[in-house]
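Sharing a structure here in structure tokens format.
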Amino acid sequence: MIDKRVASAAEAVSDIFDGATIMIGGFGEAGSPVELIHALIDQGATNLTTISNNTGSGQVGLAALLKAGRVSKVVCSFPRTANSTVFPELYRSGRTKLELVPQGTLAERIRAGGAGVPAFYTPSAVGTPLAEGKECREFGGRKYLLEHGIRADFSLIKGRVADTHGNILYNKTARNFGPLMAMAAKVTIVQVAEVVEPGQLDPESIVTPGIFVDRVVAIANPAHESELVEAGASYP
Amino acid sequence: MTKPPVIGRTREEMAQRLALDIPDGSYVNLGIGIPELVAKFVPAGRSLIYHTENGMLGMGPAPSPGEGDPELINAGKQRVTALPGTAYFHHADSFAMIRGGHLDLCVLGALQVAQNGDLANWSTGEPDAIPAVGGAMDLVAGVKSIFVITQHCTREGEAKLVQKCTFPLTGCAVVNRIYTDLAVIEVTPNGFRLVELSPGIDFNFVQERTAAPLLRTPERIEAG
Amino acid sequence: MIDKRVASAAEAVSDIFDGATIMIGGFGEAGSPVELIHALIDQGATNLTTISNNTGSGQVGLAALLKAGRVSKVVCSFPRTANSTVFPELYRSGRTKLELVPQGTLAERIRAGGAGVPAFYTPSAVGTPLAEGKECREFGGRKYLLEHGIRADFSLIKGRVADTHGNILYNKTARNFGPLMAMAAKVTIVQVAEVVEPGQLDPESIVTPGIFVDRVVAIANPAHESELVEAGASYP
Amino acid sequence: MTKPPVIGRTREEMAQRLALDIPDGSYVNLGIGIPELVAKFVPAGRSLIYHTENGMLGMGPAPSPGEGDPELINAGKQRVTALPGTAYFHHADSFAMIRGGHLDLCVLGALQVAQNGDLANWSTGEPDAIPAVGGAMDLVAGVKSIFVITQHCTREGEAKLVQKCTFPLTGCAVVNRIYTDLAVIEVTPNGFRLVELSPGIDFNFVQERTAAPLLRTPERIEAG
């Protein structure tokens, strides 16, 4: 019997090790796996590399993980947020390194990593500072950059509902990087509001097939980052 | 004779002018800021479908304050609504649309536009600024037409339309048209070409505020 | 008002020109757009290049298009079918050229074409006869082949239901190449059993967003290739 | 003493033997032919999830004759059923699973297997044969473990386990284990290693029918 449920966020992240590379889903607050990130803060792993679109806001979720000093490098497309001072301070003081990647290149690199494609060419960023040091090659008279697939040790993702096989549905624009990161990690951990039995999800509508998912954690009423920030919350 | 207090188009008027040039049925991505205003001014009888790079086609206007879903947001991370016919998808599919040339138009702001269509809009290059690029480099590389909407000059009065960008580039030779408070300008193989002056603005006034030659050759000659 | 419906299969394929490259969906009979192919046979365009997984069976659908002598080149992963003698004869007589592509590479090349990726590296076919003439490059100590994205002038696809914006749902394993080919053609034509109004499809479940679709044709009761073959049908 | 009419395992027994070695919860792709039989013999208490490269996880057995959906088929284009928990997806996603190393096991037939794990199973290389490769090259390049299930020799009595393949390759150094009517054989850095003889078969009998050296070093020594 395949059953990918684990009892708690704490159990789900228990084997994340110092120095691990972790993909963290979300675009802004949509799809940010706040409870998994908080469990990771409690767990204590450090010297992490995170791969994510943003760097969080306020003093909760991803911003709190950064603030706790656990992240030595951030791979990110837009590490600037209206309500955050955490990453800017870490970056300016040199405590956290940044690899800046255009958003579409970041998405495609994660997909490539998950799809067994070691490298691909893209027109994005040709002729810009982000092309520096990258191989440039012409196809059909146009210039493209070589970009490499990326993989991670763990992915932390937020879905809406899962079945016990790990098939995942998402909520609206919270889908964003989730299905890609699920493909690209050795261990993919998904928090969902609801877990159902196999057969209860429409097989035509499944977004992330269970083969990409290792652990499912039910978090019935996940927090929204913006609401926590508005309430002045900080973690821990 | 005293100078009038307002010269040229307001932000809303710029957006309204740009909206006139978007054909019915276009798939459109609107950047953050002035570009977002364009959606308000689409002429009656035209339907556009809005794409937001965080994974949605069919985006509708913002919900009433306090309404909406924190997980239904646009690329500026503001809450939006979904119109009938909406589809959600993941980031790789979203940027496949962008990179693959499936979007008809992207409207973006600019720090500088060069006469060859180079765009700088993501970084002022200041050493202590936190670099952040988002999807801009993908959008300019992939979308069929790139329209820039911007004030003609900076608050300090410096030209934004230049011979060569001094700020870090977003993309090379990517801009097709520029809609400013003073004029509508096209980027041609020969440089900037004036398409239209804003009401009450004359050519010399625009040329003086443009740091590159402004052609007034009619389009029919350009086409030859 | 966006409305991508066209009145008939004949109208949908009317502008396909001699020498066009056409992607044709389907894996075996599942997803084969039989009525669109028959309309193309009636329409008369010739000297076509087709891109498809198989070459059809019996004397209907894709096999009938081949038999009618309209196809000068086939790009295909498995051009051999239990019930077809059409392609083998054309191939042996040299009347139709074949570019043989591993199935996963074919799928990825079509996706790449649609996604603006001109080329990518894949481990598939390294060291085999299908690697001949291809650039081979090491990443992380493993060898990969450079493969190029492909695009087409037209794609002919079969879905289950569409809305008038061109959002498409598929039926089971008839999905196969449809969503990829929809992305990779200048003009994508989809036959579906049913067309509904925008808003009637769940936005979370749409497989092919309408941006990839140009024309939708309602074919209420599409033929199944195997049933036609069993009945000894031939087209025209 | 007369030779017995059947020597070694039947096709079903080969499939049954292979099935013993598949861990519970594995994601498995079964090739066309003998590999398909494996699904019948999975030991009680183990659940496997079957992938078919034409876009499905959770594939179930064939429906009753005349039943089923012509658009619910497996890679051999035969009608199948869907078990609870099934997901459908397109070909690029399906081969992302394959190429990306997400499948645990693929079971394939073979024309030849070389002692370094090279596999030939798609073409006899005859000049008038219609070349057709399907997904085999992707499967062997991407799936974590590749098990071959095959008769030890051809009908003409020629060895299929060889020093070097003479037929066109499907992949280089990809096969992990071989299940034949005569034996279970592992591909190691040092060549073929006998894991197990079929009942009633002795080592020399297998070695005589194998066109490469067959090691009998115990695994614990190999591992060192």
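Think of it as A, B, C and D in the order they're written, each chain with its own count starting at 1.
Everything below uses one rule, namely that a residue touches a chain if its C-beta (ideal position, glycine included) is under 8 Å from a C-beta of that chain, and two chains touch if they have at least 3 such contacts.
All values derive from a computational prediction rather than experimental measurement.
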item: Given chain A and chain D, the chains that contact each of them; value: C
item: Approximate Å spacing (C-alpha centroids) for the pair chain C, chain D; value: 30
item: Distance from chain C to chain B - Cα centre to Cα centre, in angstrom; value: 36
item: Sequence positions of chain C contacting 2 or more other chains; value: 108, 111, 115-117, 122-123, 170, 172, 203-204, 207
item: For chain D, residues that touch 2 or more chains besides their own; value: 82, 88-89, 92, 95, 98-99, 141-142
item: Chains that touch, pairwise; value: A-B, A-C, A-D, B-C, C-D
item: Residues of chain D that touch chain A when the two form their complex; value: 25, 27, 47, 49, 51, 57-58, 82-89, 92-93, 95-103, 141-142
item: List of chain A residues in touch with chain C within their complex; value: 108, 112, 115-123, 139-140, 142, 144, 148, 169-170, 172, 202-205, 207
item: Touching residues (chain side chain B, partner chain A) in the complex; value: 52-56, 69-73, 77, 82, 88-92, 94-95, 98-99, 118, 123, 128, 130-138, 141-142, 168-172
item: Touching residues (chain side chain A, partner chain B) in the complex; value: 27-31, 53, 77-80, 82, 87-88, 91-92, 98, 100-108, 110-111, 122-130, 170-180, 207, 224-227
item: Chain C residues touching chain B - in the complex, by the definition given at the top; value: 1-2, 111, 113-117, 163-165, 167, 183-184, 197-199, 203-204, 206, 209-212
